[in-house]
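My questions will all concern the structure given below.
Per-chain numbering from 1; labels A, B and C assigned in written order.
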Amino acid sequence: MSTTFRERDIISITDFSREEILALCASGQRMAELERSGKRNSLRDALKHRTLSSLFYEPSTRTRTSFNTGMRELGGRYDGFSGTEGTSVMKNETVRDTITMMCANHNDVIVMRHPLDGSLQWAADVASIPVINGGDGKNEHPTQALLDVLTIYALRGERLDGLRVGFGGDLSHGRTVRSLSLALSHFDDITIRWAAEDFLGMPEDLVQLLSARGVTVIRDASVRDVMRQVDFYYMTRPQLERMQGVRQKDIVAMMKQYRIDMPKIEGVSTRLLHPLPVNSEIAEIDHRVYFTPAQAFFAQAEYGIFLRKALLHEMLGHDGYTRYSGKLPAELGVGNNRLARAILAGKQSGMFIDKITNGTVIDHLAAGTLRAVSDALDLENRGYSCTTATITEKPNPFIKTNLRDLPERDLKRIALLSPEPTINTVAEGRIVEKYVYLLCANSNCITRTINEDVPPRFFNDEGSIRCRYCRRPLAVAHRKVTAEDLRAYTASLPTRIQPVAYPD
Amino acid sequence: MSTTFRERDIISITDFSREEILALCASGQRMAELERSGKRNSLRDALKHRTLSSLFYEPSTRTRTSFNTGMRELGGRYDGFSGTEGTSVMKNETVRDTITMMCANHNDVIVMRHPLDGSLQWAADVASIPVINGGDGKNEHPTQALLDVLTIYALRGERLDGLRVGFGGDLSHGRTVRSLSLALSHFDDITIRWAAEDFLGMPEDLVQLLSARGVTVIRDASVRDVMRQVDFYYMTRPQLERMQGVRQKDIVAMMKQYRIDMPKIEGVSTRLLHPLPVNSEIAEIDHRVYFTPAQAFFAQAEYGIFLRKALLHEMLGHDGYTRYSGKLPAELGVGNNRLARAILAGKQSGMFIDKITNGTVIDHLAAGTLRAVSDALDLENRGYSCTTATITEKPNPFIKTNLRDLPERDLKRIALLSPEPTINTVAEGRIVEKYVYLLCANSNCITRTINEDVPPRFFNDEGSIRCRYCRRPLAVAHRKVTAEDLRAYTASLPTRIQPVAYPD
Amino acid sequence: MSTTFRERDIISITDFSREEILALCASGQRMAELERSGKRNSLRDALKHRTLSSLFYEPSTRTRTSFNTGMRELGGRYDGFSGTEGTSVMKNETVRDTITMMCANHNDVIVMRHPLDGSLQWAADVASIPVINGGDGKNEHPTQALLDVLTIYALRGERLDGLRVGFGGDLSHGRTVRSLSLALSHFDDITIRWAAEDFLGMPEDLVQLLSARGVTVIRDASVRDVMRQVDFYYMTRPQLERMQGVRQKDIVAMMKQYRIDMPKIEGVSTRLLHPLPVNSEIAEIDHRVYFTPAQAFFAQAEYGIFLRKALLHEMLGHDGYTRYSGKLPAELGVGNNRLARAILAGKQSGMFIDKITNGTVIDHLAAGTLRAVSDALDLENRGYSCTTATITEKPNPFIKTNLRDLPERDLKRIALLSPEPTINTVAEGRIVEKYVYLLCANSNCITRTINEDVPPRFFNDEGSIRCRYCRRPLAVAHRKVTAEDLRAYTASLPTRIQPVAYPD
């Protein structure tokens, strides 16, 4: 057994190298061979004392039960919840506390689905056992991409190089196309073809990224053209709910063009994949197509079992277990403003702040936000002073308070209303520290919620800064972030939350 | 072990012969004896590598957990869902796709409850593993009838012949009385007694069917009269929600008459059965009756365990498992209009249709439905022509379109609005095929839903035609269906969906 | 293994003696030692044929999954439901029937959470297998108190005597503080300190009870004062929903005072406990405190596993199982009016009741309730006579009916509207029996629901009368209950529902 995946978190498809993907494919194929030779249960001793904690904050049948099947066939067990009704989540429990509880609860691995982007990286940071991303908001679902790759690998005679694949449905709004194409970009001589309206087409940034990695991306005139020139056609569900600006007439035309029906597959040997479920109201794949040899998405569903069984076996198929310590890693308690400090290093003004000998000045607030920010902080009711002021010549108002060391929740409340506020810490009438508070700009990122208490953190991805959790690039509007800033910040991070490096 | 039930679907109580019912009773009794001799767990190796997929689209505690207990005591496992919150069903997944997914998921048997009549036969058609009906709408719940029979068999010294049974509560609206009495009709010298208001009484068609099978059915003047003359009194929950036309005063009188309280059971040795749950608001069985020797419904509950354990053992207690193929049976992709064609065979008119050289004429639409049908088809927005016309001398309007080979969904949309439409396929200006599209008339039948894509299919039951799925007789209003039509249709069916034959 | 807990119900923390608590602590510590020495799974044969029925009528992640983990590590299995959606509870099934079903279902132990006070004692009365209280309404959650004690025992070097513990948060409305302090009151030299607003403080009756048992209870001026003088600080969630009369300003001040943040724990060696979940909206424990050595509530969470694993092992770790009889214990069918009769013994008046030769007179109804009571009984629609009358000189109206032996549901309907009604049974024109119908006064007690059919029952607790189910003292407003009444009543009770005796 490879030790690559032993006790490792599975958070993003971008964490996997070519060698790792191939190792998982080989392992998945071994599981498929056991099944075919009647040995489905031959590994029942492998995980016989291991338990999967299955935490689905959002609906799932398929992903949840396929992980369960993997555990079952390896002799392991599972427990958890599906849907938050009937759980402590309704009592405002944080992800941090739920995850820690599940570690205290003697589980060996967690698979989790959660509506917030980045929630799975945070879960992995907090957990003392490995965490598998079963879908974090609109962000990632890495075992889906891995099972897609395994299916292609298996059905093409254990080869990925030279693959020609078509993408259909909604290439713009879903996460599936992005993840699968990034996984395939590790391989040689990959051609991706697609045909769709502009507003459903492949995002320009993805095309550029793929091209830079050597993938050939071709836009064809019609789905039928694509179908004739590819080995696999990967269909996805149109995300109608995100097409509000589109005219009804265009949607009908679009529906007719993309839907896979009998004429579209006639005379081609292309095999159809789909992450499932097919939406029976939309019927993006016609009923009759299900009964043709082109249909490969139910074989794909079984490869989902093989992939997850293989992954669990690689991760947990060894003796022993992790003793739970009862402690949270101390470095997770540290907030993010080290980056902000790095950015503003050397810019302390030493300006004298009248009337506040010890406290904080929140500066550079966006015009028009003063009232909302001071309401959100509610300083006076909490027993602190609060002076709000706007200097006539300057557009940006400020707030003075005798509260020092603003809690992270206060910093977020400010930044959600007025991005990139400057925070001045005042001691004995002088500014002793000055920094900008930076927050990920992705509105669905877990770091932007108040109650979850996830501090914003970033990492240096080949010169650009990304959110540690949702991995979106950090958009800093009003400041210049330099290479030195990044270096200083990166050096300051504790080991556990070291920057993520993309492999290869 | 008998091999009668090996890998067999359990869909309807009418599929069981006398011998099969007795074989299951004997097997259930063996399970009861193991329990009584302290050997509850002696069969823990029988299904140790088998998994039950438990798919409850509707609420269940009792049925779901008793199947689970059966699996557990045979060493097997189970997984699935109870309630559709938290499942892909919310994402418009069809029964076909969910079932196929669960086969791909390496389960060995499925037990399912679903709100639509006929959904379980469809599930069994689609599945590559055996399917057990845990309740399909108002249609069937065969393991309930089987456990009722087992309870009577066991408590009467392993005999069913000569049984005298009373039925109480709501004999008209529930499925329990019908299923149990049909199961008992296989045995000799059966007497059924009942006493109830007309609107709660035994349906006339059921009485006739039972009489034809040799069962004596007697209506008594009072519940007390019944109670004195039977071995078992089978009480059921009144389906108050289906009695909207009934006067409040009548319901109160009816409640008083049917409720089982202490005076009703005084001095008789009759034993009370009930499928459970008792509705505590209605209290069709009084609290005090629970504590008397008449109460046998909790023993009955345990016979539910023995029956399901026995059934699972008979079905799965052998080596090996079914390899999942990834394919759907091709014959399921064929629609139903072979029956329609058989009915209209030889009646092609060859009439010239002006302006449509290739397309379809939908004829014989019901008066007043033209607008609704053409709206439902929405042909023009889909890029096809649509001409609607009413000929003054004839009451039935028609639609012409250049769309050929109407998809099954379109045929259903038409037939739901205008039953038994005539479909004329036109090629080169001539009608080349003409058929009537027939749909099951049961409004809760799965074949009448658009999204589920279940084609209507029928079978020949001793000269009458029944829906393959909900098994209701086909009501054909405007056509004559002959014996030849039936023969031609039956001969045309693929093996997998051969007509169901009632045993005995 | 101790046999103290074998097949025993776990309903209230007050049922445990000092020796029993210490025995459980020692057993829990053995589980902790197995875990620490890598032997988490060494007891996998202990309960390998046992099943836990997990019946959570209310949300739970933590309690439910920790019992599951206990079962799993002892080789046992579990089944049941979490949340009542998707269960027969939606069909008006009683606790009695659900519990009996689960016994018929071959489970070996039940853990249940239910919204009604006293529901767990009723479940234990009905069940033929042991029942563990996982929370009954606002009443009890004994395994929480036991795990709290185990945590303190383990972290203090296996000693409880001499403990100094602080309580924080909401000492007035929650059940945790009461249960834990009562458990600790068995030990020597216990000091409890607290500081809170009056309306959040320790209830006076609890302070008196603890003092009587030798516990020193001290109110300090501030949380910080408490923190400096205790070994453990037990924080609880403020029950904001129960503070409606409190001014917003007071709540803000209170929040500031009780919340555990960095300044509060600075420089002290106190360890923080919390039953969890922490409410992330309120954040009664600040995020940063989680990462300090003071935080012991995640270790406490793991002791919850050890405690439950130990408890299940003590209860079920022996051969054999309970055969289900199919019967309910006959003595549970007997109502409560034996107490009422004892109270009024010798007071039969023999008064002549005109016009009712056989029937019931319901007397001493509260002024103004006559109409509501007669509407609730709805006697005429049920076919009985009903005469309502108010005698001018007396304030209390009465009802006469020819219905004899009023069903318990009718008695409850009366008593819910007019407490302590007098019931006169009339035969041949004379009163042959006269009693007062008494009902527990706790509005959330299961005995006050109509549909559950739980008869009120009481027990003699050192001279005062308590409800058998919710254990609240019986408040009898209009009658004098004497020691003789109690003796007569207690003597009349069947063995199975003998009065509960507090141990020690």
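To be clear about the criterion, contacts are C-beta pairs under 8 Å (C-beta built on N, C-alpha and C of every residue); 3 or more make two chains touch, one makes a residue touch a chain.
Everything numeric in this text was worked out from a predicted model, so none of it was measured.
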At the chain B/chain C interface, shared numbers over all numbers used: above half (same) or below half (different)?
different
Superimpose the Cα trace of chain A on the Cα trace of chain C, which carries the same sequence, then give the rotation angle to the nearest 5°.
120
When the centre of a chain is set as the mean of its C-alpha atoms, what distance in Å lies between chain B and chain C?
44
On chain A, where are the residues touching two or more other chains?
85
List of chain B residues in touch with chain A within their complex
49, 51, 53, 77, 79-81, 85-94, 96-98, 100-102, 104-107, 320-321, 323-324, 326-330, 332-333, 381-383, 407-409, 451-453
Of all residues in chain A, which touch chain B in the complex?
35-36, 38, 40-41, 44, 56, 59-62, 65-66, 68-69, 72-73, 82-83, 85, 249, 252, 256, 276-283, 286-288, 290-292, 295-296, 298-299, 301-302, 304-305
